[in-house]
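Read through the structures below before going on.
Look at the two complexes coming up: chain A is in both, with chain B in one and chain C in the other.
And now, the complex of A and B:
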């Protein structure tokens, strides 16, 4: 990969990571089944999915970018899907609530009525189908974005150091960029979202611009440090 | 174990120091620490002591931002700072000019400032001087990461060996050391002097950890120097921190759990 293309890889990857956070349903108060979403912060959940993708992708480093992107996306999707399923099992059989959206009358995909399952005083609980699908789409975007950053950084630094070191360093730099771009959307979401059906999804352009600027600045520095200077 | 209740409201355990002042102290100390280590690795005792203010500076910046209630938890803002700091510090390894470590710290400050600018101007978080605080946090994390990277890889050739497995640890240890002082102290009665005492205790604990790991990679004298000074620092700062707690709490009772 050409260094300039790698720079654009970091920028596009970082921006994708930022936007993916808007798709992943999560909420801190979800731990009390008081809102829809997986019970954790957006940054942590998106970072977890991203790291999963990076680990899977690193195994395919010698098999080309396409396979890396695919394995990264699938690993991230699996992570979010399994987390959602296990969370739903806990909500249904442990807490005793049905997965319900607090913001939609009907599920956008199954058409099931949501309000009748909603516990009074809460804003939804669990991960209904629409949030599940949104989460899986977001994870795929995050996985692809993370792998793109990882591979781009790896391409930039690998001529200078040994392969094992380059993989480790590219991985940790990718995680760093993942976290930076995961925190900015978390501020827009204020720690809670139902996914792409949430009203806050309309704030995605703010995230897009912020992450684009952030990724550009970070990418230029990494590019300058490893190639120019 | 118990302390006598004083019946007085919690007293502040010291003087408030602005984050900018702490940062200025940290940047001078850290620059000296990194330079000393580059010139004479056996003066690592001084470098270890001089890097501790960077932890305090980062922890104070985390406190300043988090005390406004950012809605995503203290951990996320600290991870952001550590993320910016470590990517700048790690990338600066590849810069092949003298004082490249300083370029990494400056880059962390700039990237952190831009992040804060995005958060305040585009996302409209409206937290006063957030740009500067994120920049300080990021630069502090970069200073810490730079010294740790220097300890394990005094020159770039050493990176060709198996030092790379320490890199993720540098990232997460730096993040935890700047996040936890405020996260562990927050709540009613939290005050900056006590938080900083915990920051120094955690700083020495972090350098102690890396002193232990350095046994596997550097010469034994360097490791022992780091271990000795960090261990001593940890005992001193933990004692000071516990004294501050005892002075400020109403009453401490042993619950019998531990």
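And now, the complex of A and C:
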């Protein structure tokens, strides 16, 4: 990969990571079954999924970028899908509530009425189908973004240092850029989102700009450190 | 990773030979019996790691239910829960796992000549996990003291036995969780041949484990254990938040009793989730019927199956709980 293309890879990958957080249904108060979404911070869940994507993609380092991106996306999607299913199992059998959106009248995909299963005084609970699908889409974007950053950094630094060190360094930098860009949407989501059906999804352009700026600065620094110097 | 599977090569030789071996052996490498065994072992260890991680976080009221323990004194409920959350579980477990794995990798090279490869890995992992669990315990003490100090305007007392009595539990659960993660990281690097170094794998697994513990098992603690007086089958209304149970069957409720409740559902469910992720991710790489893209195809099939399971749970719960919530 050409160094300039690798620089754009870091920028696009970092921006994708930032935008993906808007798709992942999360809420801190979800742990008390008080709002819709997986019961943790959006950044944290996106990071967890991205890390699994990086791990899976690293196996395919010798097999080309396309397979790496696909395996990263699949591993991230698998992580979010399994977490959603198991969280819903906990809501169903541990708490005794049905997955319900607090903001939608009807589920966009199944058409189920949401208000009839809503505990009074709460803003939804569990992960309904629309949030599940949104989360899986977000995880795919996050996985692709994280792996793109990893591969771009790896191609930038691999000519100058040993392969094992380059893999480790690229992995650490990818984790760093992932978490930086994952944190930025926290300022627009404020700890809670139902995914792409949430009203806060309209604030995605703000995240897009901030992540674009952040990823560009990071990318230029990495490019300068590995190519120019 | 410093030593290969035969225990004779240095790190440089290891990485060089690994790539050569992969090129010549192709995908048949993944069908070796030891690889299949490693996939199963990693999955089993991941189940244990998930269980212990969730119980550790529940004992210390870490993660999101912590907000309820923090709110309780503000609405007049003085309690005897341990309250130690300062960072989220994912960064915390990423840090502890990476610390344990780093110490283990350093010690493994020292132990190698005396104990052989497998035993050196196990022994070094135990020492690494001990170091990580010690850091966790210190962190827990200071976090509890500072959190309780911030509740001074609401007359929340700082009690010595509340600090000291759950400490062995944190230490034990934290030790076991980090030990499992360190061993999974060694397996992933040495047998499953992931190119990332062991400490980085531990960091990645630690972040994922913390995420899953925070997402699944803590619901059982936050929605049920802290609010057992509320009827089963409803979420906790926003207006009731902080109104946690502070009385036990006898005297005040404390954090040592929490795993007694959450180990029956929350802990195993967390273990199931993390174990399934680690196992299914590795398992999909064991097959070769569609060339390089086999794991991708299998992954898509698993995700579609999970979608169907999720939909089934939604339909089941709507039929099962609908009548109750209508009231």
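The rule we apply is simple: the second predicted complex is superposed on the first by the 229 of 229 C-alpha atoms of A that agree within 3 Å, B and C clash if a C-alpha of one lies under 4 Å from a C-alpha of the other, contacts with A are read in each partner's own complex, and residues count from 1 in each chain.
We adopt the following convention: a contact is a pair of C-beta atoms (placed from the backbone, for glycine too) under 8 Å apart; a residue touches a chain by one contact, two chains touch by 3 or more.
Note that this is a predicted model, so its numbers are computed, not measured.
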item: Chain B versus chain C as contact partner of A:157, first or second or both or neither; value: first
item: First (chain B), second (chain C), both or neither touched by A:58; value: second
item: Touched partner set for A:67, first chain B, second chain C, both or neither; value: second
item: Touched partner set for A:90, first chain B, second chain C, both or neither; value: second
item: Contacts of A:168 with chain B and chain C, given as first, second, both or neither; value: both
item: First (chain B), second (chain C), both or neither touched by A:125; value: second
item: Chain A residues touched by each partner, larger count belonging to chain B or chain C; value: C
item: Which superposed partner A:31 touches (first chain B, second chain C, both, neither); value: second
item: Set intersection of chain A contacts, chain C complex versus chain B complex; value: 28, 41, 44, 47, 162, 164, 168, 171-172, 175
item: Chain B-touching residues of chain A, taken from the complex the two chains share; value: 28, 41-44, 47, 157, 160-162, 164-165, 168-169, 171-173, 175-180, 182-184, 186-188, 190-191, 206-207, 209-210, 213-214, 217-218, 221-222, 225-226, 229
item: Interfacial residue positions of chain A with respect to chain C in the complex; value: 28-34, 38-41, 44-45, 47-49, 51-52, 54-56, 58-63, 67, 70-71, 74-75, 77-79, 81-99, 110, 112, 116-123, 125-129, 132-133, 136, 162-164, 167-168, 171-172, 175
item: Contact footprint of chain A on chain B as seen in their complex; value: 70-73, 75-77, 79-80, 82-84, 86-88, 90-92, 94-97, 103-104, 107, 110-111, 114-115, 118-119, 122-125, 156, 159-160, 162-165, 167-168, 171
item: Chain C - residues contacting chain A, complex; value: 1, 11-12, 15, 19, 22-23, 63-65, 67-68, 88-91, 188, 192-197, 200-201, 203-205, 207-208, 210-212, 214-224, 226-227, 232-241, 265-266, 269-270, 272-273, 276-277, 280-281, 285, 292-293, 295-296, 299-300, 302-303, 306-307, 309-311, 313-314, 316-318, 320-322, 325-326
